[in-house]
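One chain, chain A, links the two complexes that follow: it is found with chain B in the first and with chain C in the second.
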Partner chain A sequence: MVSTTPPARGRFRRLSDRGLAVAFISPALLLLLAMSVFPLLWALYLSFTDYSATRGGPARWVGFGNYTAVLTSAQVHQRTLTTLIYVVGAVTLQTVLGFTIAYLISRRTRGRGVLTTLFLVPMMLSPVVVGLFWRFMLDAQFGVINSMLGSLGIGQVEWLTRQRTALISLIVVDTWQWTPFIMLIALAGLTAVPKYLYEAASIDRASEWFRFRTITLPLVWPLLLIAVLFRAIEAFRLFDLVYILTNGGPGVSTETLSFHVYKVAFLGFNTGTASAYGILMVLVVIVLTQLYLRYLNKLKEG
Partner chain B sequence: MRHPKRTGRLSGPGRKVQLATAAMLLVATTMAACGDGKDDGATTSAPAAPATIPELTTDPLTLSFIWFEWPPAQALEAFANEEYKKERPNVTIKVNTVPNANWHDAMFTQFAARKTDFDIAILDSQHIGEAVTNGNILDITEFVKNNIEVDAYNPYLLAAYGQFPQAETGQRDENASLYGLPLLGDTWTMIYRKDLIGDEPPKTWDEMISVAEKCQADNPGVSGLAFHQANGSDAAAVTYNTVNGVYGGNLWDAKNRKIEGVLNDAAGQEAMDVLVNKMKPLTAKGSGNWFIDEVNAAVAQGKACIAFNWIAASGGLLDPKESTLGSTREQILDKLGFATLPSQKTDLVPLGGMGMHVSAYSAKDNQAEALNFMKWFERADIQKKWAAAGGVPSRTDALESPEFLNAGPFNQVYADSVPRMRDMWNVPEYARLVDIENTNVNAALNGAKSPQQALDDIAKEQQAVLDSSNRKGGGGL
Partner chain C sequence: MAVSVDEAVSPGPTRQRRPATRRFGGGRGRSVVEVALLAVLAVVMLFPVLWMIETSIKENRDVYAVPAQFFGFTVTMDHFRDVFIAPGGGRSDLSVAFLNSVLVAGVSTTLATVLGVPAAWAYSRFAVKAKKDQLFFILSTRFMPPVVVVIPIFLMYRQVGLIDTKLGLILIYAAFNLPFTIWMMKGFVDEVPAEYEDAAMLDGYTRLQAFRRFTLPLLVPGIAATAVFALIFSWNEFVFAIFLTSSDEVRTAPPAIAGLIGGTTVDWGLVAAASVVFALPVLIFAYLVRKHLVAGVTLGAVRR
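Entry: the complex of A and B
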């Protein structure tokens, strides 16, 4: 039976499509303004002052004083170098391993889903949990890594308390956790490569290496570069693993830029300096990302 | 790849209206966020507590503390809930804990927000300067005059946990203001293996090193020494400061705020040389990030001949469930001895422990209850009960009482150490000073810097922190 009852007269004028759109978007917009845009602008303002969150009192305008101090500080230069070594080391290793694993998995037809799921497990863990169990595993006295090395006749290695091994340990742990991310994206790219290209190459008796170099790699490359971009940004702001595994030590040799910002912000509560430091880090990421994206677009257009 | 031109873009006026709305929203958000305006021109000196305890509420009330996670925190909560409830049945005591490394941040980020979820902050003695300068805790000078028997304490203990500006070692300024009262006294104890080095502990630092060296050589798998070396909290810094004191060094010239040339003088250099070149080789491989728990684990597992640790953290060593040294407390005590630190050129020991400080941002009822709790806690009978419950009191009568001296084998060590204590710098810049020292001592202990370089860097960087108060921008670097 079809109802003939007319719709009830609304007390308010009906919302237009645009009004409805605004009503739906407003909560998200407000949240974004309050949680992201405002803090960013506030940090930008504070970066030009000597404000301290604990000292109270009015914020004194210091112009570009904080920026000059950050850019000319030997401490910051040292942390930049550490971060750079870490980012290049970790992302390179993850890309090579991630792509290799994805390539090998993509060639399998049986058990592919199970393998992919297993490889993804580390990525799903909290970095703090990962840091804690790796800290135990890498312990020089009772860690399982040294125990395994011992059974191979290799002596104890001080993984977390020596300058070189501490940074290598960070790279290894980050690689263990985030290689699956690269693998996942690379696998998506590999799956999307049209089969007929390989079939045509087979008919032409192209070698495996030739097929990889001229079909697989060029088609997966843009997607892989996006994964590298995400990982590089993540690695650039590494904090949690450093905090748990080495606390920046020995000395300050594994202090990354983010860890140093944290110290400036919360040890001395130099909020103004820390804001300038943070803004500069954001700027570096934005500029590098823009350059990278332009290269990526050029690649796609080509 | 070309993107298609977007459609449905707003016309000029409509877009302007939306942009204006967004701008207004942003301004409104900013105003809301900064609305109370308390930061502007806010006073930065500690507000005063009432001289007498205001009327207490009869409604249910939770009195919250903040401390770091370790056995005394649980002991305090259990003790206070059992004993204080007898007098104030409507009050529940809650001791919130955070990991040691986050302790300072957890308190001071809340202070920064001018809102705390704790009523009593348990501050390290060196945090007082920062909290007082920022107006985060109450000035209880008048309250103490009217409610606390100040003569019942060793003056230095009363000063160390409450006075600002800082007390000189062994002295208390009667005219200085007080911002806290002692909660838990502490210092380092030397823990030694009686079964490996004999019943008599070494008396001098040099003797201690040679005994540890021999013990390590005679007992493969057991390291000569175990001590704090980590670069977090104040771990490595306290270790160096202790050796520095014992070898006659000074951390700074407090009067002239001078560190460079004082810390790295001949005595300071000798101390760093002893620590890095004589003591470090006697520690276990990979112990460069050890702190309280790791040192205790090494002792409990029988892996160290001589160790140094805070007394308040040593109770677990006597627990047979956590030790391989014996199946009963008595068996463990047959093997473990506790002694005051060896002396060398001086007999200084590090001051540990913490005081109770009332949050300036706590509700009035809770502040009143906090003051009442502190008055109750500092009573002679309660201090003795606290001692019997495993706490380390500060009143002299409680320190000399059998309740305290018989409660643990290391309590006599504390009582004997009180006249020998020395603290670090209690200034607002403490957190940065201790970080500089921690990271550099840790670097020297782990071969990332030479001892001389580390010491000179500490002196130079710490001096820069003290001198940077009038710097225009870049503070904290």
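Entry: the complex of A and C
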């Protein structure tokens, strides 16, 4: 245990609070500057050049050329649409399902712990494992999903090799993995609703739906919004699941913006263009993050 | 207090059930419907996991059976043996990758903890200039798309010779876990009253001694929980791993497992077994920190 005798004065050099704060914070900030800020600044510089990682040679300044190229590219527009469909589709499904599960669990008396724990399993798995699991299950010939559909009398579906179904598959798999996330946070919100509000409502003989609409939803909404925004940012950044599950195909039907950046940078070796592309994505993420942090602040103060 | 699963599960009476004031009949019937719905959803969510476990213990001819075989297959541990032992004997590439993962995740987590805990304490205790902005800046670095960050990191590593080294992965993972560690730990430090340190300083301890001898011991459970999450994030990470490493001696488990489907034929039994071995520690660790899951999965941002 801690001894109660105070130490002799002057045994340690006394640091002022200010000095201590600097000494404790700066190593962390330095690592972040070196590994996050500096690379981004470098990417910002490269985005104004025609640098290629393989061709080598000096980088030529091209001004905003890369940016106009990216912003006017029909390919990029198409990837933006794909990403939008994917983000909106997946996050909407997750929110509806996650909230439903949380609501159902919150109404149970027994088995809540077991249920919650079981539901959380998909979220803790690596995207690599999830992608591989599903690639196997969705296989057109020996996949278990088609096998089950077959026994129900529905024909084979080529989940990952047809343009339209591939994007749907991606949305389904992401939903499977991240519904638990929304569920977890919605459950936290639902269990924090004070009981006396429901008791007051029941004295007033308010209907179930009325109570849900006027008590549950308004109180859970701020937290749910945070979860939704968080998921939207994550979905926007998503790369690994696409890489494993469909590799962007068939054709380019499941190429999200992240995946397209990867192709431009590592398969096309247009490092300058890819950097401009990346910086534009970072700008979107910054806007979304600001929104997220603003709501977070509101939640903390409220 | 962070909302914990345990708390969410406390066996108190459900708030909605009020038999005395039930106005509609069918309260019981609705309850049955709810239970059934919950059961169906649970089955749907858990089926893929069960299927993968089943696949990992099936013989190859049962793995590819059409229609799929749910029961009555021969159980075999061959796939698990293949995960660890190479066909000709000796260590398999996968087992090397698992060891690399342990090393990279362990060291990067230690680094993030050593840098993050003091920083979190300082942010919690002192009036730092533009504190809020600094904290928000720190968190936003975590939201950068990895595919974008990896382009300059790749060039930077190529320049300094960190490509295809464990050190390179350790550094990027530490930087990637640091924002999380700081946010998560700041929450834990905020829960320890600053008065403890003030009292110790009145007794003649310096601020640093007060932190080390009085606050730090109280933070140990929080540090453990935070480190476990950082460990899980590093363990599961794929994007940096696949772009920054290539050789079998350096590769961590996620790219190694993903590499199993590269060839013309895929040994799905082996993929399943490797996935089970890979996922098991994560599930155990996640269970250990279930009290802090809400804070953990939101990167320390949400806690109530």
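Here is the rule we go by: the second predicted complex is superposed on the first by the 274 of 302 C-alpha atoms of A that agree within 3 Å, B and C clash if a C-alpha of one lies under 4 Å from a C-alpha of the other, contacts with A are read in each partner's own complex, and residues count from 1 in each chain.
The rule we apply is simple: contacts are C-beta pairs under 8 Å (C-beta built on N, C-alpha and C of every residue); 3 or more make two chains touch, one makes a residue touch a chain.
Keep in mind that this is a model prediction, so the values were computed, not measured.
Participant: By the touch definition at the top of the document, which applies to A:Thr68: first (chain B), second (chain C), both, or neither?
Facilitator: first
Participant: Kindly classify A:Val96 by the partners it touches after superposition: chain B alone (first), chain C alone (second), both, or neither?
Facilitator: neither
Participant: Contacts for A:Phe266 in the overlay, against chain B (first) and chain C (second): which applies, first, second, both or neither?
Facilitator: Both: A:Phe266 reaches chain B and chain C.
Participant: Touch test for A:Ala53: chain B only (first), chain C only (second), both, or neither?
Facilitator: both
Participant: On the A-aligned overlay, A:Gln141 touches which partner chain: chain B = first, chain C = second, or both, or neither?
Facilitator: After superposition on chain A, A:Gln141 lies in contact with both partners, chain B and chain C.
Participant: Applying the document's definition of touching, compare chain B and chain C: which contacts more of chain A?
Facilitator: Larger number of chain A residues touched: C.
Participant: So in the superposed three-chain picture, is A:Ala274 touching just chain B, just chain C, both, or none of them (first/second/both/neither)?
Facilitator: After superposing on A, A:Ala274 lies in contact with both chain B and chain C.
Participant: Pick out the shared contact residues on chain A: the ones touching chain B in one complex and chain C in the other.
Facilitator: Common interface on chain A, chain B vs chain C: 29, 34, 37-38, 42, 53, 141, 265-266, 274.
Participant: If you look only at chain C, which of its residues touch chain A in the complex?
Facilitator: 3, 5-9, 11-18, 21, 23, 34-35, 37-38, 41-42, 45-46, 48-49, 51-52, 55, 63-68, 115-116, 118-119, 121-123, 125-126, 128, 134, 136, 138-141, 143-149, 151-156, 171-172, 174-176, 178-179, 182, 203-209, 213-214, 217, 232, 235-236, 238-239, 242-243, 254-255, 257-258, 260-261, 268, 271-272, 275, 278-279, 282-283, 286-287, 290, 293-294, 297-298, 301-302, 304
Participant: What residues on chain A touch chain C, complex-wise?
Facilitator: Against chain C, chain A makes touches at 2, 4, 6-7, 9, 12, 14-15, 17-18, 20-21, 24-25, 27-29, 31-32, 34-40, 42-43, 46, 53, 97, 100-101, 104-110, 112-113, 115-129, 131-137, 141-144, 147-148, 150-151, 176, 179-181, 184-185, 187-188, 191-192, 195, 198-199, 202, 205, 207-208, 223, 226-227, 230, 233, 236-237, 239-240, 243-244, 258-259, 261-262, 265-266, 271, 274-275, 278-279, 281-282, 285-286, 288-289, 293, 296, 299.
Participant: For a test of understanding, state which residues of chain A touch chain B in their complex under the given definition.
Facilitator: 29-30, 33-34, 37-38, 41-42, 50, 52-58, 62-70, 73, 75-76, 139-141, 156, 158-163, 246-253, 263-270, 272-274, 297, 300-301
Participant: Inside the complex, what are the residues of chain B that reach chain A?
Facilitator: Listed in rising order, the residues are 1, 22, 25-26, 29-30, 33, 38-44, 101, 104-105, 108-109, 111-112, 130, 133-136, 230-232, 284-289, 303, 429, 431-432, 435, 439-440, 442-449, 454, 465, 472-477.
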